[in-house]
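As written, the chain order gives the labels A, B, C and D, with residue 1 at the start of each chain.
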Amino acid sequence: MSALRLAPQLMTSGWLNAPDDFSIEALKGRVILIEAFQMLCPGCVSHGLPQAQRVASLFSPSDVAVIGLHTVFEHFEAQGSRVALQAFAHEYRLNFPIGMDEIGTDGAPKTMSAYAMQGTPTLVLIDRNGYRRLQRFGLIEDLNLGAAIQSLLDERMQNLDETSATATGSTQDGCALPLK
Amino acid sequence: MSALRLAPQLMTSGWLNAPDDFSIEALKGRVILIEAFQMLCPGCVSHGLPQAQRVASLFSPSDVAVIGLHTVFEHFEAQGSRVALQAFAHEYRLNFPIGMDEIGTDGAPKTMSAYAMQGTPTLVLIDRNGYRRLQRFGLIEDLNLGAAIQSLLDERMQNLDETSATATGSTQDGCALPLK
Amino acid sequence: MSALRLAPQLMTSGWLNAPDDFSIEALKGRVILIEAFQMLCPGCVSHGLPQAQRVASLFSPSDVAVIGLHTVFEHFEAQGSRVALQAFAHEYRLNFPIGMDEIGTDGAPKTMSAYAMQGTPTLVLIDRNGYRRLQRFGLIEDLNLGAAIQSLLDERMQNLDETSATATGSTQDGCALPLK
Amino acid sequence: MSALRLAPQLMTSGWLNAPDDFSIEALKGRVILIEAFQMLCPGCVSHGLPQAQRVASLFSPSDVAVIGLHTVFEHFEAQGSRVALQAFAHEYRLNFPIGMDEIGTDGAPKTMSAYAMQGTPTLVLIDRNGYRRLQRFGLIEDLNLGAAIQSLLDERMQNLDETSATATGSTQDGCALPLK
């Protein structure tokens, strides 16, 4: 019996740098890094996104797939449109696929809710078999992230022998969701 | 005979952190630093605006007035609205007055054109008497900026004895206007 | 048939932060990081040693043992004595064991020669079984280093199934040995 | 009646990058920056000396003379010799004149005592007329330092009209002298 949780599907209203029917299903077999961000979140701009770009450049794309997820939960008028995100991605030279998290009937981004993210930036690692293995709100050190990625790379598909899944609590340096 | 040029008026469609009839005329007697930026310009976010914030915190407001100027010349849909700028200023904790440069009939920001700015970020220093004394596109070292500000602070009003005005050429690290 | 090379013994004239009969033999079973440095090497002070300290603080000491190796190949009078190294280690708060590489009859540090190091800083990773698996002169990114360490941590003792040993060439940011 | 204090003479046992009879008397007419440091003081290596180098490169040498002063008050064996300082200056590419503060009969560096410095790094600014005008232990922001230098540059020789001399208190980021 395993405590591993399959990563929820990404529910998106569109994609940048990818076809609009893009799905992380197609990436199975690779380690997937999802960087959830908002374009007007300072911690995302200064830390989270540059770190995701470093991962994309330092690991082989056939090993690690880097995905952005735009989880807008505030300032909808300013950052909620596709054109705003396109301008941002263009200026910051973000080349990896970026999904636009679909807003639910409760006004919250659906994928963000499904993952129970606490704010932005949030980094998620999904293993070769589609299980969510690490989720971190705020900062994570490059040394630790490199180790976590490699740990998943060293696993074979369908050969999981332990449950190292962790959902790490809130830290500083992020835009937190308001408590309800 | 003087080569000094009076700083052109700021032509704005509105202000944040200041009344909408705000005018730098009211600041005469102080040294004025104008930081022209665009909210989606990476060099503005990483260098220009933090430097303006340092000036605002390290010099007395009665000596040096720091002003932002949002000179949108691209991505109008994404960054052209007041609500977008407000969200940005809120997230980045920009507390100084920020003018929204008025778009002219040619589609270019009027103040940016009047100052012949080459792109963003552009830093302008205006002396106690309203003369434009330094204009720099791209990066300027803190040591040099501190010296330039102090040089103007050391002048008395209407007691200028030399023309050190400089309009410095284009450098890297900025979003340049397209050449026409 | 294996291409793996057992890590050469450290030949030292003494140790700081450890008994003088300290040997990395005692660390077998752990991954070992050796940071070879000189106290007056700017790249060691600004990059190599802070990175070694980050590894020491972010990984469990029972998993990863961090060792310094003072490989003096120039400025012997200035940095060749134990008292000089002690002062340096004290001021920079280096708490891990630091071996003083023994000077050979040719005037070169013996361990540095045995490892064929090209200069300082040089980082070496040794696996749980005592095999040298990575050697890098100059800079290595934290993401890459974290991945390399984890890759060795994921191996069992005496259960090596591939030879990922790499001896990486010279880069910038280091004090290079003069070519002979 | 003036509160300005003439800067004490530098009492040195020798100089690097200058003749051994070098004296700051010869620099009268320029603004002088003295960076007092110890080669094994981390705050000097990471902050004080790089800042002095920036001043040396960003201001004209005919306006601002940058001088190092090696004020060894601890770890004499490690950093007290000329050869140790030479190796350090060579590796860190310090090209400005560096005086070796003479050790007094009480074991303390004479110039350091004459200036009542509290530790290293300490930065001193001397005006065109030889008066000590600013002394700071620990960090000083580049913006503030640039302003302080320019303020002295804007003064004429023997035309001082105010006493802005300040002896600033102790801060962090330095190696403090032990309290007695």
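To be clear about the criterion, a contact is a pair of C-beta atoms (placed from the backbone, for glycine too) under 8 Å apart; a residue touches a chain by one contact, two chains touch by 3 or more.
Since the structure is predicted, the reported quantities are computational estimates derived from the model, not experimental observations.
Trainee: Name whichever of A-C, B-D or C-D reuses the A-B interface, so over half of the contact pairs are the same residue numbers.
Mentor: Equivalent chain pair to A-B in A-C, B-D or C-D: C-D.
Trainee: Report the inter-chain centroid distance for chain A and chain D in whole angstrom, where each centroid is the mean of the CA atoms.
Mentor: 50
Trainee: Quick check: how many Å separate the C-alpha centres of chain A and chain C?
Mentor: Here chain A and chain C have centroids separated by 35 Å.
Trainee: Do you know which chain A residues sit against two or more other chains?
Mentor: none
Trainee: Could you tell me which shape the graph of touching chains takes: line, ring, star, complete or other?
Mentor: ring
Trainee: Enumerate the contact residues on chain B facing chain D in the complex.
Mentor: 54-55, 58-59, 141-151, 153-154
Trainee: For a test of understanding, state which residues of chain C touch chain D in their complex under the given definition.
Mentor: 40-42, 45-46, 74-75, 77-79, 81, 83-84, 86-88, 90-92, 175
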